[in-house]
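All chains are identified by letter, namely A, B, C, D, E, F, G, H, I and J, in their written order; residue positions are counted from 1 within each chain.
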Amino acid sequence: MLKRIPNILSPDLLKTLHEMGHGDEIVIGDGNFPAANYANRLIRCDGHNIPDLLAAILELLPLDTFVDKPVTLMQVVDEQNEPTPEIWHEYKDILSEFQVAENQIDHEERFAFYERSKRAYAIIATTEKALYANIILKKGVIS
Amino acid sequence: MLKRIPNILSPDLLKTLHEMGHGDEIVIGDGNFPAANYANRLIRCDGHNIPDLLAAILELLPLDTFVDKPVTLMQVVDEQNEPTPEIWHEYKDILSEFQVAENQIDHEERFAFYERSKRAYAIIATTEKALYANIILKKGVIS
Amino acid sequence: MLKRIPNILSPDLLKTLHEMGHGDEIVIGDGNFPAANYANRLIRCDGHNIPDLLAAILELLPLDTFVDKPVTLMQVVDEQNEPTPEIWHEYKDILSEFQVAENQIDHEERFAFYERSKRAYAIIATTEKALYANIILKKGVIS
Amino acid sequence: MLKRIPNILSPDLLKTLHEMGHGDEIVIGDGNFPAANYANRLIRCDGHNIPDLLAAILELLPLDTFVDKPVTLMQVVDEQNEPTPEIWHEYKDILSEFQVAENQIDHEERFAFYERSKRAYAIIATTEKALYANIILKKGVIS
Amino acid sequence: MLKRIPNILSPDLLKTLHEMGHGDEIVIGDGNFPAANYANRLIRCDGHNIPDLLAAILELLPLDTFVDKPVTLMQVVDEQNEPTPEIWHEYKDILSEFQVAENQIDHEERFAFYERSKRAYAIIATTEKALYANIILKKGVIS
Amino acid sequence: MLKRIPNILSPDLLKTLHEMGHGDEIVIGDGNFPAANYANRLIRCDGHNIPDLLAAILELLPLDTFVDKPVTLMQVVDEQNEPTPEIWHEYKDILSEFQVAENQIDHEERFAFYERSKRAYAIIATTEKALYANIILKKGVIS
Amino acid sequence: MLKRIPNILSPDLLKTLHEMGHGDEIVIGDGNFPAANYANRLIRCDGHNIPDLLAAILELLPLDTFVDKPVTLMQVVDEQNEPTPEIWHEYKDILSEFQVAENQIDHEERFAFYERSKRAYAIIATTEKALYANIILKKGVIS
Amino acid sequence: MLKRIPNILSPDLLKTLHEMGHGDEIVIGDGNFPAANYANRLIRCDGHNIPDLLAAILELLPLDTFVDKPVTLMQVVDEQNEPTPEIWHEYKDILSEFQVAENQIDHEERFAFYERSKRAYAIIATTEKALYANIILKKGVIS
Amino acid sequence: MLKRIPNILSPDLLKTLHEMGHGDEIVIGDGNFPAANYANRLIRCDGHNIPDLLAAILELLPLDTFVDKPVTLMQVVDEQNEPTPEIWHEYKDILSEFQVAENQIDHEERFAFYERSKRAYAIIATTEKALYANIILKKGVIS
Amino acid sequence: MLKRIPNILSPDLLKTLHEMGHGDEIVIGDGNFPAANYANRLIRCDGHNIPDLLAAILELLPLDTFVDKPVTLMQVVDEQNEPTPEIWHEYKDILSEFQVAENQIDHEERFAFYERSKRAYAIIATTEKALYANIILKKGVIS
C-alpha cells in the first residue's frame, strides 16, 4: 500500500496503468467476460465490482480528451425493449466526477466490443454481476 | 467464476488451496504485512479485508484436527494493557461457524510469527487495516 | 483436495475452469485425440474416462444458456449405418442431471470439430477408449 | 497412449520413471500428503488411488535388489493398538506379484518419512483416501 | 531405463510418442536433414541410424490403420534411373514385422516432404548416412 | 505517466514501493554503489541524483514510525576529520518536509551498510555523484 | 557508470544502441507515447526529457548518411496554423552539433509514425512533456 | 577449447554449425549488418573480421554441392563503376582452399540479401569493416 | 553433423566439452547411474555404450597432465574377490591410444564417486550395461 | 558498434562493465580457465587474447584507487625457479598507460584465485594461450 493510491489497485494494475500511453485502451470486464481468453495482459480483481474499480482508476488515469468519446460500453442487444442498465447510471455519476459527460460515452456492438478488447493493452477481470457492465477506457495525456 | 466457489477466491488462490496438503500452512496478511518479501508463493487480494477472505477460504479448506490449535494469531505486544483486538471477535465468530472453538486458536510472538510465515506454503496479501489481523491456517484432511 | 471439489479435478483443471468466461469452450478429448498438438492450454487426465470427468466438471461449470446448443459431439461418420455410440447415452443421462436436454446437443463434422478444438480455451486429454466420445462444452454465466 | 504402457501413466510420469537411476526414490503420496510443498519434482495423479498406480508403475520400474528393503511405508503411530492398515494388504499382494516379499518392506516414522520425501527424486500426488497409504519405491537396475 | 522400453528411446522421445494422438505425425530425419530448422519439437538421437530407431519406436507406437498409407518416404528424385534405396528394404522388413505391407508406404516429393515435416508434431534428428532415409510415421489408435 | 505520481518514478519502481510491507527496506545507491551485485531486486534510475528520487519516493512511501530511526546513512569513515557531507543537508531538508527529524537518522558503518543492503527488499541504482550519499529507507504503515 | 559514457545512458540502452546495425531505427517517445504497447524492445527513461537523451545518444550513435533524412519527427497536425514546436529548435541545435542539417530531418504523419515505431528496433520511453517531441533516429555506419 | 577446433569458434557457434542441416544457411555479417534485428539465432563475434571466421568455419562446415552456388555475396550497388571489393579476393582464396571455385559464388541484390538473411538459420555478427563483406554459406552434407 | 566431429557427439555435448576448462570434470555414467538426480548439467546419450563415447570424446578433449591421475573409475566393492571388470580392459586400450597409461587411472569408492559426480561440470547418461563402467575425466589444457 | 567504444567489447560485456559498481571485480580468464564453471556471469570472447581485451576495457573501466592493489594476477607456483611470465610485461605496459604502477599489482595463490573468481561479478573467457595470464580487475569510481 502507498499514500495517495486507492488500496483496490494492486501493484500490477498500478504498473499497467502507468505504462499505458496516449490512446491505449484498458477493458474492465464483468465476472463473465472471457478476459483470460482475450487479454494481451490480464489483471485479475476477483471479488470486486466495476464501479469501485472504475472510481479508483480514474483518480490516477486521465481519459483521452482528443477523441469525442473516450469511454465505451457494450451496446444493449435489444435497445428498443431493454431498459438502460442500472449500472450505467452509476458509471455516469462516477464519470461526471471526472469531467466526462454522458455524451462522451460510446456504445459498441457485442462482437465488435470483443474484437476491440483483444487489441486492448490490458483487460481487468472483475466479478461484477450486473449485465452490460463491461467498459473500455482510452487513456489521455498527462501534461 | 464457478458454481460453489465464493467469487472472492481467484483462480490462483483456489489452485493454491487445492495443492496444499495436511499440515501445510497459509498466512493471510494484513495490508502492511511484508508479504512479497517473505512469501514462498504470493497471492495478492488487494482491496479486500481479512474476514471476507477467511470466511470464503473456510468454505473450502478443512482445518487440521490432528493438532490442538490449527489457527494462529499474532500475539498482542503488550498483552496486559492492550485490549483484545476487535477483529479477533469477528474471527472467533467466523471460526465457530466452522467448528473451531476459541481455545483452538494459538498466539505467536511477532518475530516468531514472521519466521513461521517465511516457511508457510503461501501468503495472501490483503489490504486489511485492522491491527493484529494476520492469521495462519493449518490445512487438515479431506476424508 | 478441498471441500466441495470432486477429487478428479486437478488444481490446474480447477484453475482453468475458473478462468474461462462466458462463451469460452473446453474440449474433453478421448485417449486418441491429438490434444497435445491442438491445445492452446493442455490439461492431462491420464487414466480417466470422459463420463467421470464430465460429471465432475458440470458440478462447477455452468453451461451457456444463451445459445441453443452449449454441448457439441463429434458427428458419426456414417450416420445412416452406424448406431448411436453407447457413450452418448451416458452423456445424455449426465447432462440431463444438469438440465441439458438431448436437443441442446450439437454435432460437428470430424475435421470441423478439430478446427474448433484448436480455437478452444483448453483441451483435456483423457484415456477414454469409447469411439465418438470427444465433447465440447461452452461455458455459461454465473449470476 | 502407447502400446505396453498402462494408460494411468502420464507422459510426465513415464519420463520421470525413465530418468531415475539406481537408488533414486519416488514417493506415492495419498490425497492429503503435502506433495506440492515437499517435492523436488511433482507429478499429479488427481482422481486416482495408490494401488492402481503402484501396480502400473511396477510393470515398468525395477525395484532395488541391492538393498534389503526397497519399499518403505509410513509407520503406524500407535503400532500396539492400531490394526495393520487395510491398504497394506493390497500393497503386499501387488508387491508379491513383482517378487517383493513382505519382509522387504521397511517402515519409517512419520517425520523421518517426510524428510526423506523431500530428498526423493519425485513425489506423485494421488487422491488416495486410505490412512497410512504413502509409499516410497527405490529404483533398481535394468541389466 | 525401464522394463519393456528399448533403451535407444530417451525419456523425451518416449514422452513425445506418448503425447501424440491419432493422426499426429513424427519424422525420423537422416543425419543431413534440417531437423533443428524445421521442427516444432526436436528430439536428437546423435550417433544412431534410422532402422534401429524405427524398430524401437514401432514396438510402442501404433500406426494409423484409418488411412491407406501410414508411412511416408521421400521420393527418389530420378525414379526412372536411380535404383530403389538399399535402406528401404530394411524398412520394409521392419514394417512387415508390424503388419505394414509395402503398398501401405507412401512417397512424397522432396519439397513437399519438407513442408509436411514443418507441420509434424516432432522431428527426430539421427546421424543416419543412407540416402533417401527420411521417414514419416502417422500415429494410430490404442483401443 | 499517471496523475498524482511524480514522473521520475518508473512503473517498476512504483510497483516495488507498493509491494513492500511494514519494516521492508529499500536502498537508494549512488552512482558507484555495487547495486547490480548486491540487489535482491534492482531498479535502475540512470541519469538521476538521489535528492530528486528521495523527494518523489517520500510522497508515496510512509516511513516506519515504530522504530526510532527509519532512515539510515553510510557512516563517514573518518568522522573526526571529515566534514558532514553536503548532500546530508539536502536530505535533512527533504526528510523534515515529511516529518522526519534529524535525530531519526541512523548511521551504519560502510561494510555493515553493504551487508544490510544485500538483505533489503530492493536497491535503486542512481548516478548520484556525491560522496556518502547512499541511503536506506524503512517502510512504515498505511493506516 | 563508465568513462566516456554519458551517465543518462543505462546499461540496457547502451547495449541496445550497440546491437543496432546500419539502417535500424530507434524511437525516442515523449511521456504520452504508447511505448510499452508498440515497442519490440522497450527502454524506460522515466524522469528524463528528450533533448538530454538525444544529445547523449548522438555522442555514441552514428546517424545514417546513406539516406537523405536520417532523423524523423512527427508531423504537426494542422501545419498551416500551428507554429513550429519549440522543442524542434532544441533538436535542430543538438543535431547541428552532430553535422545533421535541418533539411536532413523528415516529417511523418501521426499514424504512419506509429506504424513505423512498431517496426523500430527499440523505443525509449521518456517523460518529455513537450508536444510533437517524438523522434526517430536511423543508425549509420562505423567505418 | 578443444582439440581440432579453431579457437575463434565459440561453443554456441560450434553448436549452431553442428545443428544445421543440408540446405540451411548461415550469414556472416559485417560490423554494420543489422544482425540483432534480422537473426532467427544471433551469434556475436565482436572484435573479429570475416576472413578469419570464414576460414575457421569452413574447416568444419561442408558447403552444399547439390546447388550450383553454395556461397552468396551482397551485390555491389553500382557494379559498372565500383571496383570489385578487395575482401572478395580474400574470400576467393579461402574458398578455393575448400574446393569452391569463383563461379560457384552467387551475388544477391542488397534488399533481397536482407530478406534472405531473415530466413537464415543463424546470423553471425562480426566487426568486419570492409564494404560488401557480408556472406551467406549454404551447408552441405556429411557422407 | 560436421567435419572432424565424431557423429556420436551431439551439439549439446560438443558445446559442453568446449566450455569446460582446465580441471573441470565430466562423468560418463552407465545406464543405471542416477545422472538426472546428480547432474549440474545433464547430457543424455540413450542407446549408447561408454566405450564408443569415450573414444569419441578423447578425440577432442585433452586430459589433465598436471595431475597424476586424470581418469577415475568407481572402485570394485569387494576388490579381493571380484575380478577386474571386463570393460576396464576396453577403457585401458582406448586410453592408451591417447597416451594415458594404466597407472594414471584412479579409483574412487562408490559413495565418494557419487559425491564427486554431484560437483562435476556435467554428467553424460548412457545406457551402458556393464558393471563398474562409470568413469570421470578431468579436462587438461590446450596449448 | 558505436563511436568511442573499442569494437572488441561486445554489447553484453559493455553492459556488464557498466553495471558494476565500486569494488566489484571482473576476471579475465585465459583459454583454459574454468570460466563457465566458476562464473556468476559469463562473457565469452573466443578467439581473443587478454592484452587486447585488457587495453580496451581500461579505456572505459576505472580501477579502484581506494585500495593499494586494484589488479591481481595468479601467483607463479614455483616463484623461485620460474621466470616472470612474458605476458606480465605486456600487462605492465598496458596498465602503466592507465596510471597503474607495477607495485599496485597483487598476486594471489592459484586456489585462492579460483575461490575469488567464483565471487567476482563476472568472468570473461578468452582463448589466451600464455601461462599465468589470468587477471582480476577491481572497479573504481567515476566522479
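Criterion: a residue touches a chain if its C-beta (ideal position, glycine included) is under 8 Å from a C-beta of that chain, and two chains touch if they have at least 3 such contacts.
All values derive from a computational prediction rather than experimental measurement.
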(request) Look at interface A-B and say which pair in C-E, E-H or C-D is its repeat, using the rule that over half of the contact pairs are identical by residue number. (result) C-D
(message) From the mean C-alpha coordinate of chain D to that of chain G, what's the distance rounded to whole Å?
(response) 63
(message) Distance between chain B and chain G based on Cα centroids, please, to the nearest Å.
(response) 52
(request) Could you please state the distance in Å, as a whole number, between where the Cα atoms of chain G are centred and where those of chain J are centred? (result) 36
(message) Give me the residue numbers in chain E that touch at least two other chains, ranges are fine.
(response) 1, 7, 10-12, 19, 31-32, 142
(request) Could you please write down every pair of chains that are in touch? (result) A-B, A-C, A-F, A-G, B-C, B-D, B-F, C-D, C-E, D-E, D-I, E-H, E-I, F-G, F-J, G-H, G-J, H-I, H-J, I-J
(request) Using the touch rule from the top, collect the residues of chain D that touch chain E in their complex. (result) 1-5, 7, 10-12, 14-19, 59-62, 142
(request) Would you mind writing out the residues of chain J in touch with chain H in their complex? (result) 1, 7-13, 31-32, 44-48, 52, 127
(message) Can you tell me which positions in chain C touch chain E when the two form their complex?
(response) 29, 31-37, 125, 129
(request) Please give the residue numbers of chain G that touch chain H in the complex, ascending. (result) 19-24, 121, 141-143
